[in-house]
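Here the structure comes first, spelled out in structure tokens, and everything after it is commentary.
Labels run A, B, C, D and E following the written order; every chain starts at residue 1.
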Amino acid sequence: QQKTLYVAGYGGSFEKTIRDEVIPTFEKENNVKVEYVAGNSTDTLAKLQAQKSNQQIDVAIVDDGPMYQAIQFGFCGKLDGLPTSDLYDTARFKDDRAVAIGIVATGLMYNTKVFAEKGWAPPTSWNDLKDTKYAKQLVIPPINNTYGLEALVMLSKMNGGGESNVDSGFKIFKDEINPNVLAYEPSPGKMTELFQSGQAVIAVWGTGRVQSFANTGFPVDFVYPKEGAATLLTTACPINKPNASPLASSFVKMLLDPKIQLVMLKDYGYGPVLKSLKVPPELGKMAPIGERAAKLYNPDWTAINDKREEWTKRWNREVER
Amino acid sequence: MSMAAEERSARAPWALTAPALMLFVGVLVIPLAMTVMLSFHDWGQYKGIEPVFILKNWREIATDPYYAEMFWRTFRIAILTTLLTALLGAPEAYILNRMSGRWKSFFLLVILGPLLISVVARTLGWALLFGGNNGLVNKLLMTLGVIRSPIPFMFTETGMVVALAHVMMPFMVLSVWAALQRLDPQIENAAMSLGAGPVTIIRRIIMPQIMPGVLSGAIIVFSLSASAFATPAIIGGRRLKVAATLAYDEFLNTLNWPLGAAVATLLLVALVLIVVGSNALIERRYAEVFR
Amino acid sequence: MAYLELDRVAKQFGAQTVVDDFSLAVGRGEFISFLGPSGCGKTTTLQMIAGFLDPTRGAIRLEDKDLTAIHPAKRGLGIVFQSYALFPHMTAAENVAFGLEMRNVPRNERAERVRAALAMVGLAGYEDRHPRRMSGGQQQRVALARALVIKPSVLLLDEPLSNLDAKLREEMQIELRQIQRTIGTTTILVTHDQNEAMSLSDRIVVMSQGKIEQIGTPQETYEKPASAFVSQFLGKTNDFAGTIDRTATPAQLVAGSWSAPAPAGLSGPVTVSIRPERIGFGNAGLNAKIVTRIFQGNHWLFQCESECGLAIVIRQNDGKPQPAEGEAVRLTWRPQDMSVRPRAGA
Amino acid sequence: MSRNGPLALIFHSVFVIVMVAPILVVCLVAFTPEGFLSLPTNGFSLRWFRAIAQYPEFIHAFWVSLGLGALSSFVALLFAVPAALAIARYRFRGRDALAALFLSPLMIPHVVLGIAFLRFFTSVGFGSSFAALIVAHVVIVFPFALRLTLAAASGMDLTVEMAAVSLGAGGWTLFRRVTLPLILPGVISGWALAFIQSFDDLTMTVFLAAPGTETLPVRMFLYIQDNIDPLVTSVSACVIAVTMTALILLDRFYGLDRVLAGKGDAGR
Amino acid sequence: MAYLELDRVAKQFGAQTVVDDFSLAVGRGEFISFLGPSGCGKTTTLQMIAGFLDPTRGAIRLEDKDLTAIHPAKRGLGIVFQSYALFPHMTAAENVAFGLEMRNVPRNERAERVRAALAMVGLAGYEDRHPRRMSGGQQQRVALARALVIKPSVLLLDEPLSNLDAKLREEMQIELRQIQRTIGTTTILVTHDQNEAMSLSDRIVVMSQGKIEQIGTPQETYEKPASAFVSQFLGKTNDFAGTIDRTATPAQLVAGSWSAPAPAGLSGPVTVSIRPERIGFGNAGLNAKIVTRIFQGNHWLFQCESECGLAIVIRQNDGKPQPAEGEAVRLTWRPQDMSVRPRAGA
């Protein structure tokens, strides 16, 4: 009976990939019209909240952080019939209210050309963020962005804290990293621009982003810090609403199709969420695949979500000043 | 020269404003009222928005000096931006107006230019000019030996003010320009014949007469700068938050809409008070020009 | 040496030449009036002297210095604009005070002079009023006060009294004359009021279509007009068709039933010009009938149908009985009051 | 009439250079052969202009923006001009409050407006439709139309209107033939600013744009989500080129100074 | 029945009453002039008749219908504003055509009438010019043409000729008179030019400080002024201090060396008022010396120092020799030309 399925997701090249690779097939197979509502994670989440009484969107594709919120607020419906055995554990959510469609590693990005010119060694550790030679040339996404949050968690963990206690992380950020930071920048576009204009040379970022940035020909590379990179997910969920269309679940599941997973790896640097997927070696130079994926640190989201509000407040007042 | 209309039926102004008023009540007042209501609701990380009536958000804003700092910065930037646009934009409008027809329209368009491209591309331009060591201007000045280290521009308040003034400039220039169209050139001649130099003419004769235009421009610029999001966010970055970026954060990142709504409501109320206050003040001061 | 000199000045607006070949030397302290039909270029000339318009050709010199080199603000002129050009955002007092402020006159003296100037133009009590709330004549007086209060060395007045009633106007004329005498202000007045021009001016410049027709004292221009235009333009003139009959002895000039010994030189068809105030009603002379009789206060204006066409007669309202409308009269004048020229087209 | 002195011209030049510089740089970058933002130091390339063709949604979005801007600024004028006349001419109770209300869209961060509108339109069943988008834009550009018309209308010589009335012009005719031409510079300037503001708005529109009605800024914003590349600059350059061409044509066939200054204003 | 009637009309601006208790009945086709000092409320009264200002008190009726109930646009008035109020965005022709368009006059007829109206005010060839590019007088004529072209049933003219030269002005006066006669337009003219008022008007309303001083025909107001104000305001008047000596037989009125049999009724100190044009130079009479002699075209104006103070004498410029400045003269007049009233303060 439903004629149109509204899928909300990232804009830009991701939208293009979905439009080219997923939607035509899906429309044909299910005899439905798919409208793609482009927007970044926070925009999509805001729309969900604004239209809570009368949801228009059927499927939402957002970052993991916002997805936890969406689940908490009850925006997500339940997914049935996931290929649970084939999915990495990290890719699954409580009650299957969402599922990861790609895995990204949070680590360090640096400008290889500048480093070479200055004779600097490539960074190897989270601790390199403290190096004073990067003064005002470091970019870190803020805490409301998963990259920033994970950087904080990693630094806490290395200094005797962890998800339950981030005091040490905050202290390091405040005293040692902050002077180096040019900007706490959540927007990927802005991040690339800061690199392109030469204002920044090193950053905390994810494999997917760095991969596509490097694809443009810009001299950047990704580093898995020796203390370990953190897992970050791109996720999707069907929206919870009266008379929700079963097609919403089908659409999410279609994103887990091996063929699509490979496309997203190729175009977008997303590590696949399927254990069974064979990755051709020429793909996935940076992406967390195989051994690299296994070594990723998976933050304890239950603990984090508990404290997140408080941390954000603290971050705004102590770090971003 | 007063007109009967001015004194006649008190209905006329209401008839004229009725359509706009209906539009505003219909589609702006209600959403805004909903937003104000929102600011009294509760919010929690897990429960989301709770439609109860509490003063939590307002109390937080009132007691936490963090917000005072944000608002103070917001208004500081808005005031500086307004001053800068008025100080540069009004003279420029005046100069433009004295050019011959063709040049006049040409430069008017040139000045409107910045508005035609998206804020993203515009701020990109600033980054290319002033961003770090590679900024064009910085590079040039450093090779010329004028400066030692790059001028800090990105992620500074100065940069924010300059970039905002740049975007807002057309609003000021155009407002003043529209007001200048009404001036009788003979009046300028009269002042000149009485011995007034160019500066005096501008200050004593032109300025008071174009006050409606400057006021319009200033109101637009001030309000827009105080509620601007993109430019402060991109040029200022997250460490130099202003009220709008704060509200943005609460709305989009934290999803704490009640708090964001409180910040926005406060900003709106403050702006309305400032604008209406200064408007009334200036209209009274220059009553004869506004008749 | 001329104080202010216009040397073959011309002004074009686009293709239209509105002032042409305008040369005039004004002595220091002289009072000059520009008279001419509407649109003949009076305001334009004044604006060039003031420096608000650049002459297309020619030079304007003040004390032998090229005026165009001096910025208008430095010329020390007092100007009354035809459109007043009051500062709408200032009160009457502020308008008048402006020029004094520019001259850094101390505050006390300034207030006193502004007060006096406004009182002089009959606007005491209107100090705090804004121009838009004043009547036309009041605005004009503010403009006058503004120009006079600075005691300028050159005054340019563009129809400064046109919106004042006769009484006030006369007071202002006396005021102007006084100022001009005591401060020695060189004054150029544009006016459409011939009485005003005549009673105030040392010399009158009669203009037509951008050109000077005649420069002379009031009496010269009125009584010895240099051209038909001037005689037509200043006051009223009757032109009668006459004939000089040189066969008679002595030679006779005949116009209708009026005749007189002919002046030397001319013969055949002529035009006889005679001012209406020089014509009297008598027992002999041109046969005429009074068509309208217009009361004009101190005089009567008669329009008569005469043998030689329409005739206008002015008679002082001396209280004696005047002929009524429809009455038959004889028009007569003294030969020395008329001027005779060959009849054009005859 | 006196012309600008040398100081004024120097000021003007510096002013124009500063105004233009950031945009000029952006336009220059559009010609880079590289895949990332850089000034075209080794050779010019039209690569990024060609790239636009591969994104038909940009072109579609341009038309959406154009239509939205033109429509909403025009509708805003329909409401704003009468209101401005009322506020300029009458001193009535509630005048200040009304003026403040009409200006309020300027004073609210657009994120807040976006969400407020989305909530509102959803609750009345409009969701994010094109109609909702237009209405929202009319509201946010209204202050521009109002303020500039107001500046032109206050202090206008009312005797001219009286003259028209005495000649039998009333109501609409009076407005169309006399009042409007006299305040035209303000109205046109107001329209221009309103149009541009609508054309440029991102933060609010993001929430209201539905599939198919994304505006150009929204498209560009989405495009640079992952990556800023010179396509942004080439699109900007095209927008400028298109606008300038339109204006130059307008100038050729109608005369910009006439549009902007009203007729008969040149001269003394 | 009066066509246009003002009934105890008053107007206040704030606390200031600028028109008060103004009652006037104008007949259809009548030509009325308002005369009065600058700022006395002439324009204000006109604006109330036009409907641009609402009277604070009183009523204005046209053909017994309350005018305030009729929208200004529907009153069918032709108005010339003191400040012209031309439409700056329209050419001269467009300005003039406007009223015709409002009346839906067909295009062809319109063009023809506009052309004729502009030609009538001497502006043929200026059709396509914008007001800002015209001279003051030209603008004023456009305003006049604009008001006249619609052949209004009521014409309100606020100093419509103030910026025209005498010649043109007279032509326009004739034009006005003509129109008023042929179309029967009821006209109210505000002017500061007494000659204009007198030659055009059926009746003159003399105002002072917002009040009517006198309503009457030109000759009535001039020769039988209802108050000292009117006699002072219209034309010039000499006031001499005199004494009536009832002890002499017959009783004598003496002013300096001038004397005549006293009129009945008065005695003791009196003021003798006499118009300057009624005074002659004679062999007996008031001793005086000529201080200034001002040439005024068709007449001379003498200012004399007499036994009884300053005296002004007007003599027609009839070409006969006139006394020179400094000359001693005797001033004389006929008893019936003077008016005598008790001397105030004596």
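The rule we apply is simple: a residue touches a chain if its C-beta (ideal position, glycine included) is under 8 Å from a C-beta of that chain, and two chains touch if they have at least 3 such contacts.
For clarity, every value in this text was computed on a predicted model and none was experimentally measured.
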item	value
B-D compared against A-D, more contacting pairs	B-D
Centroid comparison with chain E (C-alpha atoms), farthest chain	A
Chain centre separation in whole Å, for chain B relative to chain A (CA means)	36
Euclidean distance of C-alpha centroids - chain A vs chain E, Å	90
Inter-centroid spacing, chain E versus chain C (mean Cα positions, whole Å)	20
Residues of chain D whose C-beta touches two or more other chains	1-2, 37, 115, 119, 155, 157, 159, 162, 221, 224, 228, 262, 265, 268
Where chain E touches two or more other chains at once, by residue number	13, 51-52, 72, 83, 133
Interface hub residues of chain B, defined as touching at least two other chains	1-3, 120, 124, 128, 186, 192, 209, 251-252, 257, 289, 291
Residue ranges of chain D touching chain E (in the complex, touch as defined)	157, 159-160, 162-171, 173-174, 177-178, 181-182, 184, 262-265, 267-268
Residues of chain D that touch chain A when the two form their complex	34-38, 115, 118-119, 122-123, 125, 127-128, 206-207, 210-212, 214, 218-219, 221-229
Chain B - residues contacting chain D, complex	1-3, 5-6, 10, 12-14, 16-17, 19-21, 23-24, 27-32, 34-35, 88, 91-92, 95-96, 98-99, 101-102, 104-105, 107-122, 124-126, 128-129, 136, 166, 169-171, 174-175, 177-179, 181-182, 185-186, 192, 198, 209, 212-213, 215-216, 219-220, 223-224, 226-230, 243-244, 247-248, 251-252, 257, 260-261, 264, 267-268, 271-272, 275-276, 279-280, 289-291
Contact footprint of chain B on chain A as seen in their complex	42-43, 45-46, 49, 69, 72-74, 137, 142, 144-145, 182-186, 189-190, 193-194, 197-200, 305, 308-309, 312, 316-317, 320-321
Residues of chain B defined as touching chain C within the complex	1-2, 184, 186-187, 189-197, 200, 204-205, 208-209, 211, 286, 288-289, 291
